[in-house]
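Both complexes shown next keep subunit A, but they swap its partner, so subunit B is in the first and subunit C is in the second.
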Partner chain A sequence: MRLPAAARHAGTAAGLAALSVLAYVLLKNVQGDRGQVVLLIVVWTIALTGLNLIQGLGGYPSLAHVSFFAGGAYLSAYLLGKGLPMAVCAALAVGGTMLAGLVVALVFSRTRGQYFAIGTMFFTAVVNLVLTNAAGVTGGPNGRPVDLGFSLDATLVLLAASLGLSLGAFHVLARTRFGDRLRAVREDEDLAQHVGVPTARVKLVAMVASSAFGAWAGVLFAQYNGVIAPSQFTFVQSFLMLVAIGLGGSGRLLAPLVGSAIVIGFTQLIKLGPGISQIALGVLFILVTLLVPNGVLGGITGLWRRVRPGRAGGPAAEPPRVRAKEEVAS
Partner chain B sequence: MTALLTVDGVVKRYGGLAAVDGVSFTLNAGGVLGLIGPNGSGKTTLLGVLAGTHEPTAGSVAIDGRVASGRGAHRAVRAGIARTFQTTRLFGSWTLRDALRLARGEARGRSGAASDETIAGLLSLDGLLDRPCGSLTSAAQRLAMIALALATGPRVLLLDEPAVGMDTAESAALAAAVRRVADELGVAVVVVDHNMHFLMPLADTVLVMAAGAVLATGTPEEIRSNEAVIASYLGGA
Partner chain C sequence: MIQVLVNGVFLGCLFAVVAVGLTLVYGVMEVPNFAHAGVIVLAAYTTWSVEHAGAPFVVAALAGIACGGAVSVLTEVLAYRWIITKPAAAPAVALGLLLILQNVALRLYGGEGRSLDTPYDTVLLKAGGVSLPGVKAALIVLAVLSLGALHLLLSRTSLGRAMRAVAQDRDAAAMLGIPMRRQYALAFLIAGMLGGVAAVAYAPTFQVSPYMADDVLLSAFVVVVLGGLGSVWGAVAGGLVLGVVEGLGAAYVSSAYQSAFGFLMLVLILVLRPGGLRTTDARRVA
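Presenting the complex of A and B:
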């Protein structure tokens, strides 16, 4: 039996609220390396929710996302160093990064697929070069300290709340006309144009919104970590973010959380030696792509459809492809 | 009677090559224009100009006297021009109903789009609205492309080789469906196709292109007996 839409939305909201509470408890109580893993999963989930818009719903593989993450971190740190209030620093950091997102979108939205990925990859490479070499502002390759703008407890509360709120925002956006337009762009951009979708504008808005999530995650990361350095914002990180969305299940609500948990878990917890963890992650990504092309969540959803009572009756009960509207339900 | 669609001296150049070279014609509401010509004669490029995909180098496309060309495909849709493609293009994982809902929503500035059920009835797609587009048969997918275009509430419908890959019975059913669309919705239809058995009985007027320019215009009977057309394109068809 399918629940009414209002009940399902209320259930999602309650689930996300519970997730925020759980995140707060873990952030507060888990210490050491594992505490760092929890922090990174929470921060990445917030950041990757933005990537899930442009890449997951829109099908545009952006490798610029870590640059937006860096934008929030460095801009807020720089402005705090100038003595501005934290709220102002955060707002300017997010706003400034969104402006950068707009520029990236204006430059690269004429490209598609791998060309878009390559273009945004070079953007990230340039940003990393600037972070490494503009030592007067960024601290250079060794990074810079970040003044405390929020108390530690306030940062934890903001991290936990932002986790649920960002996923909630995605849940809402995915169900609006904007979400449908992004899915249409992913399915067939030319066709989308010819049914009236203003695809250029949709991509611009998605990229700018995506950069806002990344920037806010960067602000919180900088506050929690206390030190930021270019090595935290490299092309490799951007690629791992892209992989995380694919592993989780592009376009699905919890893809950022599941993908982050897998990627962070592999790279931080399983110590297989320098580079070996990333190779193992690459192998895992290939296996997931081959075995469950819709990601872990897509695989679980497909499995559930096959085994749940009343749905195993035959091919007529199982459409050959997943309905677009149902993608965000898991 | 004022023409619904007015194509006036449209030129589309790529460097020194004029893919479309001064094409003009008019089309009334409910009329069906067949656009034929050899490969490379500029038919698809002209369709692209009409659909807003290509900006004309010169000339204009107007609906009810209001210029609709050169403003991009999505604005052409809002001006009342919708198109289908040579190859089947659909939102494969969506149900047809979801796809029609998107198209209808995008043309929100326009009124008069037929309901899903009306469109399905006109195109013999009854019972398929809740099926994923990708699961439909090849012929049904080509009809679904037309349904998607109709959901935008167009006044002009551009069909690019709609009968390609269809057998005789399917193309006859398609021709009947296109006729119903023109007659019952009052939509002006421009059809590009190489299948003369499909096109000639369907079209009220046929425009023949060669080397980007208009070679001849007339009723299907006039075109069939036009010696220049026979020599350059039709042969014994």
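Presenting the complex of A and C:
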């Protein structure tokens, strides 16, 4: 089943591979502040691909995602400090964070909408509290250094490869029955339950899967950055992640990439003075939520359809951006 | 022990004032108003700057409360009003507003904390080994007064009756000719003024900074979940319970993790009763 699917989606696969190569070239060649921006966009895209599952496809606004990101970063750093080999550390960090994700999912996937947002937001706040106060393990408010586990070049290759692979994984997942079930939960959870979708299990799996993406991104981020601190994992960050998915277009393949580019670009590149860029981001986000509920990508595909009325699917030669529009149709 | 309980009651009053504002707004509009923290911050800064300009404290406090009300109504008119038909977008818009309000404060007043002085700073009430600083006593008094006033408004006036009607059933209320927009604006005005009261009363015990209200807001949301979204008396009772729990936790386990006890409580409630302790409304929100 997988192989023929991969063959049918060869265009997408090629596009994602090209994206990975582009990411590698940029990571390798762009230096200084702009290099940091490229790194953050790549890391966020990997992490947000997970959020795109639960928030984009499932319609659950998870504000716990930055905690999973922090979990990967801190766990791998701690285990590396204990002298374990890097591969083991990475596996344990991702596994441990998925376990935490499972607990969070068990508690909060019973809740809906507002309660879910409040609960996961509180979870992030408490994780941040622990990171700040458990100084023995986490280094306290000033953070802790991270030992070098992968060589810098290996980290870059992993970052670039993970970018394409995680987007590819999302592309595949969104087309499986699991993806359909998540969409059903988003559209009408009671109806989905009624027609036999195991909603509780679907939400649980989506949450655990999303935590894996977040944790892996955290591991790579810690390796590249060399130092991690609680201020990088506050609930404002969690909220910005939510904003990124909403801006990009919930549930669309490239939403994490477009969203992180907008959010990171606004906060890092445009120097409007302290606060102003975040105010602009807030205004932009509210405007997009009100005027273009499907996000930037949704707006573009909507325009594209209006310009070129015709069959909805479109020929296969079109770029992945157009592919994403099938998501709405289903 | 009694000292710990008194501190718990202080925290509880603070949570109750903030939570009642949240629950009022949720009751009439079904919005989780994360931006409430931003309203509190701006109200606190207004109080600080008016007092800093040389006005007496009472004037500054009234200015702060008025500012809270004004900012809160502004968020309703400029943003929330447009998503009444799209409840799914509400958390996102609320967080966007929080981002805007906090950064406006950051932009206007800078990041460093300011201390708000009050005429009752130096007062220390003592009774039988229990001591209560004047600022904390003032907060308890203010909370009781403002919640009492709110109770009178909701139970004795036609405005209050209309607001309760809207909270019970929006469509039916609209059909009976209640001007909905005015009710929305009124709910936000009251919530904002309560936020202002919380800011004026709470800022002197801490300091004024753009992020001063984050922890309080989170705890207030736990209170709202405890008392049931949309229930005013639930919020008051929940506030006192949570305040005492956090006070006990801070005193006997670890004060650094004070708000984590609130989280534990939230987890417990959500595990046992996913819809909150007192839900009268099984409406779908997702």
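The rule is short, and it goes like this: the second predicted complex is superposed on the first by the 302 of 330 C-alpha atoms of A that agree within 3 Å, B and C clash if a C-alpha of one lies under 4 Å from a C-alpha of the other, contacts with A are read in each partner's own complex, and residues count from 1 in each chain.
Everything below uses one rule, namely that a contact is a pair of C-beta atoms (placed from the backbone, for glycine too) under 8 Å apart; a residue touches a chain by one contact, two chains touch by 3 or more.
Please read all numbers here as calculations on a predicted model, not as lab measurements.
A.B. asks: Give one of first, second, both or neither to describe whether A:13 is in contact with subunit B, with subunit C, with both, or with none.
C.D. replies: Neither partner.
A.B. asks: Quick check for you: in the superposed arrangement, does A:61 touch first (subunit B), second (subunit C), both or neither?
C.D. replies: After superposing on A, A:61 lies in contact with subunit C but is clear of subunit B.
A.B. asks: If we overlay the two complexes on their shared chain A, which of subunit B and subunit C does A:30 touch? Say first, second, both or neither.
C.D. replies: After superposing on A, A:30 lies clear of both subunit B and subunit C.
A.B. asks: Could you tell me if A:190 is touching subunit B, subunit C, both of them or neither one (first, second, both, neither)?
C.D. replies: Once the two structures are laid over each other on A, A:190 reaches both partners.
A.B. asks: On the A-aligned overlay, A:281 touches which partner chain: subunit B = first, subunit C = second, or both, or neither?
C.D. replies: Second partner only, subunit C.
A.B. asks: Does the superposition put A:133 against subunit B (first), subunit C (second), both, or neither?
C.D. replies: A:133 contacts subunit C only, not subunit B.
A.B. asks: In the overlay, work out which of subunit B or subunit C sits against more residues of subunit A.
C.D. replies: Looking at subunit B versus subunit C, the one contacting more residues of subunit A is C.
A.B. asks: Once the two structures are superposed, pull the subunit A residues common to the subunit B and subunit C interfaces.
C.D. replies: Subunit A residues touching both partners: 190.
A.B. asks: Where on subunit C does subunit A make contact in their complex?
C.D. replies: Interface residues on the subunit C side: 26, 30, 32, 79, 82-83, 86-93, 95-100, 103-104, 106-107, 111, 214-215, 218, 221-222, 224-225, 229, 256-257, 259-260, 262-263, 266-267, 270-271, 274-276, 284-286.
A.B. asks: Can you check the complex and tell me which residues of subunit A touch subunit B?
C.D. replies: Touch residues, subunit A against subunit B: 177, 180-181, 183-184, 187-188, 190-191, 193-199, 319-325.
A.B. asks: Would you tell me which residues of subunit A are touching subunit C in their complex?
C.D. replies: Against subunit C, the touching part of subunit A is residues 59-61, 107-108, 110-115, 117-119, 121-123, 125-126, 129-130, 133, 186, 189-190, 235-236, 239, 242-243, 246, 273-276, 278-279, 281-283, 285-286, 289-290, 293.
A.B. asks: Show which residues of subunit B lie in contact with subunit A when the two form their complex.
C.D. replies: Contact set of subunit B toward subunit A: 51, 53, 72-74, 77-78, 82-83, 85, 89-95, 98-99, 102-103, 105-107, 131-132, 134-135, 148-149, 151-152.
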